[in-house]
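We call the chains A, B, C and D, going by the order they appear; numbering starts again at 1 in every chain.
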Amino acid sequence: MSEYVIIGNGTAAAGCIEGIRSIDSEGKITLISKEKYKVYSRPLISYLLEGKTDVERMKYRGEDFYEKNNVSFFPGISATKIDADKKEISLDNEEKISYDKICVSTGSSPFVPPFEGLDSVQKKFSFMTLDDALSLKEAINPESRVLIVGAGLIGLKCAEGIKDLVKEITVCDLADRILSSILDAECAGIMQKHLEENGIKFLLSDSATKFESNKAYMKSGKEVEFDVLVLAIGVRANISLVKNIEGEVNRGIVVNTKMETSVKDIYAAGDCSEGYDASIGGNRVLAILPNAYMQGFCAGVNMAGGEKEFSNAIPMNSIGFFGLHVMTAGCYDGECFEEKREGVLKRFFVKDNKLIGYMLIGETDRAGIYTSMIREKVPLDTVDFELLRKVATTFAFSNENRRKKFGGVV
Amino acid sequence: MSIRYIYPEFEVVRNENRCIACRVCERQCANEVHSYNEEKNVMISDETKCVNCQRCVSLCPTRALKIVKSDCTLRENANWQNDTIKEIYKQAGSGGVLLSSMGNPKPLPVYWDKILINASQVTNPPIDPLREPMETRVFLGKKNGEIERDENGNLKCSLPPQLELSMPVMFSAMSYGSISYNAHASLARAATELGILYNTGEGGLHEDFYVYGPNTIVQVASGRFGVHEDYLKAGAAVEIKMGQGAKPGIGGHLPGAKIVGDVSKTRMIPEGSDAISPAPHHDIYSIEDLRQLVFSLKEATEYKKPVIVKVAAVHNIAAIASGIARSGADIIAIDGFRGGTGAAPTRIRDNVGIPIELALASVDQRLRDEGIRNTVSLVVGGSIRSASDVIKAIALGADACYVATAALLALGCHLCRTCQSGKCNWGIATQRPDLVKRLNPDIGSERLVNLMTAWRHEIKELMGGMGINSIEALKGNRLMLRGVGLNEKELEILGISHAGE
Amino acid sequence: MKRVYVNEEWCLGCHLCEYNCAFANLGLKDMADALKGKKIFPRIHVEGDEKISYGVSCRHCEDPMCIKSCIAGAISKENGVVTIDRSKCVGCLTCVLVCPYGALAPSEEGTMQKCELCVKNSCGEPACVTGCPNKAIVYEERG
Amino acid sequence: MKREGEVRIPSGCAIAAVISKDGNRMSGQKIYECMKPMHDRSNGLGGGFAGYGIYPEYKDFYAFHMFFDDRDTRKNCEVFLKERFEIVKSEIIPTRKIPQITNEPDIWRYFVTPLKSMMEKMQTDEKEFVARSVMKINTEMKGAFVFSSGKNMGAFKAVGFSEDVGVFYRLEEYEGYSWTAHGRYPTNTPGWWGGAHPFTLLDYSIVHNGEISSYDANRRFIEMFGYKCNLQTDTEVITYIMDYLIRVKGLTLKEAAGVIAAPFWSTIEGKSDPAERERLTYLRTMFPSLLVTGPFSIVLGFDGGLMALNDRLKLRSMVVGEKDDKVYIASEEAAIRSMEPDAENIWAPTGGEPVIIKVKDGAY
């Protein structure tokens, strides 16, 4: 009977459990979780603050998930070391457990640069975990002025989540636009305007250089007074377990399309890993939830002796703030086709007769049709691309293709 | 408005409390009666275009629609009735022949409704079709062969060509062109499933339907559209159409607009050209010419297939039928004056020909009087509306019935009688692809099978009541019929007694 | 596993399926009462033009992207039917981002909804199927 | 009230028959005695008998049994007969005056042979000539009725209960190798002597119990071939059908039975022998209008044999029994027991299954 150990308890871990169990219903699964909670949806923490969900409903899987899948769950414990020769894992409670296969799904941690005077700030938070969110919630009140450093997804989601709970929110970022890693300037501008209309203030191309208790000194010379500080500058993949035993790492733990690391019997999945990105044809960290699940599942299948490859991962995001949604996928080089209407901007990026990326704002209905075109590399001369740019419809596909899609005998 | 204006015949009544403005009526009306007023979020109607086909009524999901007869009337006049006056207006405006379709709607006598059927009481038992076999199988064809024996004295069992039907009903001729591909598909599939036959009409046989050949009657009419050797050999029987009940004495005219795509190919005429069937067959100017055509077709089909000669019921039908019986035809089909059509001049449809009941009775008796009734089978059509009509026809002497209007009704036809417009909202009498697809042959054939199955049940019930357990014992069994409200002459022609006698 | 399939050849583009769907999932007795003057939120959508049309609803994929992608773990497959636990859904639209058929859309309340083969209402057979006037939508097993 | 022939009268009945396979002649007493236990099946409005082998001394002559309303009718008819036939003997059929039988017409019999010259003139064979002549008298001569016209056989019938009719006709004085009997229960008729059974044509006689539902279909078909159904009775039409099928079309008895009581299509399709299947299909397809439906049990008497047949659903009772060289047929077993208390092998033939009994060749 195989012994599987999964380190980390996020979405990738859940995927891994389900992947293993799709092949092997017997093998022993041990789950090492630094957090004390059963698996929950990390991206929901902003919705929790917003009141759209609660701790109970945030659970990613049912209450009996571990029992049903026969998983030994070790909450509140971290793995400190892997001994690949002895096939042993050391835990922070001094125990050691043996393994046949490991899945490292340790996720990522907030990256906090060494700001001067940061120690002087009393109420400062990251926004990654349920605990982060719960303590932030404790710290704020309707009179709070909040400064969020970082106008990325985490920072802005945080802003949306606490908007109605505080008096004032300012978001600053060194970049010249919000969501700089995802959106181009024009889209970012539209979203920024929307956020501003909803009461969020921005200080862009600017960042704190120094903190003094409740005051931030900005690069531009501005000073921002705040009661609560949220640091959402960026994240770093948690790679040390593999790096320490000389496994190949880069910005994340390097894996192939079967989620194998360079170390035998050790797999990695989720935000800590650096896997194949079909949109660029090379490896990179794709820290998005769907990816984490699919990588985890793929790792699980392979760990249990199955055969599975996950080779069509692409970056994609659905981001909404205060009712305005942006969807993006793939990459943005190649020829750009644009559709623009009042409140709607769509950009499609085309290369070699294929759709390789898009960015939609204002109208995101049925965007999955575009996503699938990127993933399936559908040749554009087989579809009515002109129609597709206007509206996402399967009608743009050839009859034959459509028939296949809808069940053979359309 | 002007002198040309005629108030619409129908009114669209929309229950505003129920209308949810889903626009189904708008999408379904090829006549463009309904439209949507976006500003007010309401549906509006243009009644001048309504033909009362009831498509919108049937599809409205909230039962918000009904079509009623307009109550805008001219002053009542028993002689100059509304319709008569409006026809005058139309002709005064157009100078043209009035066209109409489907069967004669005039209140002329329907003899079926004045004939009643017998049932057994006491002296002989009714038979329960649920418990006992009840046979409806019919063979059509000549039955006058001599009994021959081989050298051992055994019967030589060779019969002239016969058509076997599981019940004495067939779908009568409707051409591909006058009705749609899907209507034909429905008829062909249903006929095959039922073990009966359908009839190509004179539009030829679409290549997709050759597989249904054993259940197909291929027609040869005066236009000879789509007739070629393979066509003749494809069917189970060949029918020579001399006339049609709805328009005796005239030919047919399918406008070029309907001769598109496969219709043109199947008819073997150029796209867009009018398909004109002459009034006579130009190779048949007398009975001896008919005999030649009958035998030409028998030659072409190697004497393996029965030849049917179809005529309209006209005044001297008995003599005509006798002539046909002696022409070598295996089956005579007689079409009464209430038979349907895709288009006919109104005056002809409504005034020419005679009722099928009288034609049948006199033909059957005439052939018996001449001792040749068994040399030919008799099929009658022209508004056979129900199982009891079938029973009455058989008892009067028919071997089988042709039905078409009833079949079309099963396919969705609501008898709006505007086939000639080509905009049939039910996908039947149209060639417009968006309308044709409204008739899914899966549904169409199922409904036809249902209808005929129901009729067969009813036929069996009625037969069982009479103590008859095989349809052949009903054929010509006029003692099973009584007339009500008929005069001596009518009873004499029908060969039946009055009820109570 | 029986699923809803659309036969393009027979779809009339009448959009009745959309109304039948919207009505079925409202749980009301009378359609006029239920839909009069309201915008409908059906779980099936008719696509196409004047000539060709067809309804699109959830295919209940073998390997559903929506389940894998749902950030809330709100989508699952029960007895072959992909269903949404709408109490867990936060309306992030990630499922819209990934569904290759465009079969998911927000409900009136903003949480996502999709065809669940009428298993949660009282229709028995899916309402789009029973209400289709031309058997263009069928509920059947296909290989 | 309309007389028989002007209106169709449905009726229920009793039938009985006996035959000696060895050709032994039996007195007619047994056959009328046997009708007594079936008294309730008749109502006194008709009874009759047919005996075969009863006129051995005139066996080469057609024996015409005739009813005449009066003397003038008879004289006229005799003129007609003499034009067509040589009459070798004419006499009143002897009867016994009994109170149960009244209102009798003049009852005569003629032993005749057709005039060759007339047959040649009409281009017919002998039997066809006789049949047409009988049809002509019965159709055209009011008040004259030929009720028996075969060779070496004769029918005897009257209005009354059959057992009384037997006494009336002194049947104990006749001896035949086979006898059939009939007691009638017409539902609505004043009763007419000619309407009683058996109905005969040439040497075919039929006794029948039933009311066939196919009557008018059969009648209108058979009338195409020169038959005239004057009496509008089932017996008459069945007799003509049998004559047509056997004499005119040349079918065997069994084949004829396969036409009038044709097996159901499902039965035909179930036959394992393909030749049998083909034969039955052929007969049904060729003569659909001669299928007889509705209840009937009939005994067909013919020269040298009997055939008993039920409708294919067996809607009327009929049993058969045997003893030594004799075969008995009756509506009820009681009648058979009356003729032969020790009858064996009593069985009820199934619907549509003909029971054909023939006297050994040369034994009559």
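Simple rule for what comes next: contacts are C-beta pairs under 8 Å (C-beta built on N, C-alpha and C of every residue); 3 or more make two chains touch, one makes a residue touch a chain.
Here the structure is a predicted model, which means the values were calculated and not measured.
Distance from chain C peaks, on a Cα-centroid basis, for D. Taking each chain's centre as the average of its CA atoms, chain C and chain D sit 78 Å apart. Distance between chain A and chain B, defined via averaged C-alpha coordinates, is recorded as 70 Å. Computed centre separation for the pair chain A/chain D is 104 angstrom, with centres defined by C-alpha atoms. Centre-to-centre separation between chain A and chain C, using Cα means, comes to 29 Å.
In chain C, the residues that touch at least two other chains are 9.
Chain B has no residue in contact with two or more other chains. A complete list of chain pairs in contact reads A-C, B-C, B-D. The touching residues of chain D, counted against chain B in their complex, run 8, 10-12, 187, 210-218, 220-221, 223-225, 249-251, 255, 262, 264-266, 275, 278-279, 281-289, 291-295, 312-313, 315.
The part of chain C that touches chain B in the complex is made up of residues 9-16, 19-20, 23, 30-32, 35-38, 50-51, 131, 133-136. Residues 17-20, 22-24, 27-28, 41, 58-59, 61-64, 433-434, 437-438, 440, 442-443 of chain B are the ones that touch chain C when the two sit in their complex.
Here chain C touches chain A in the complex through residues 3, 5-9, 47-49, 52, 54, 56, 59, 65, 68-69, 71-73, 87-88, 90-102, 104-105, 142-143, going by the rule given at the top. Chain B meets chain D in the complex at residues 120, 122-125, 127, 132-133, 135, 137-139, 143, 145, 147, 149, 154-155, 157, 159, 162, 368, 371-374, 397, 466-470, 472-480.
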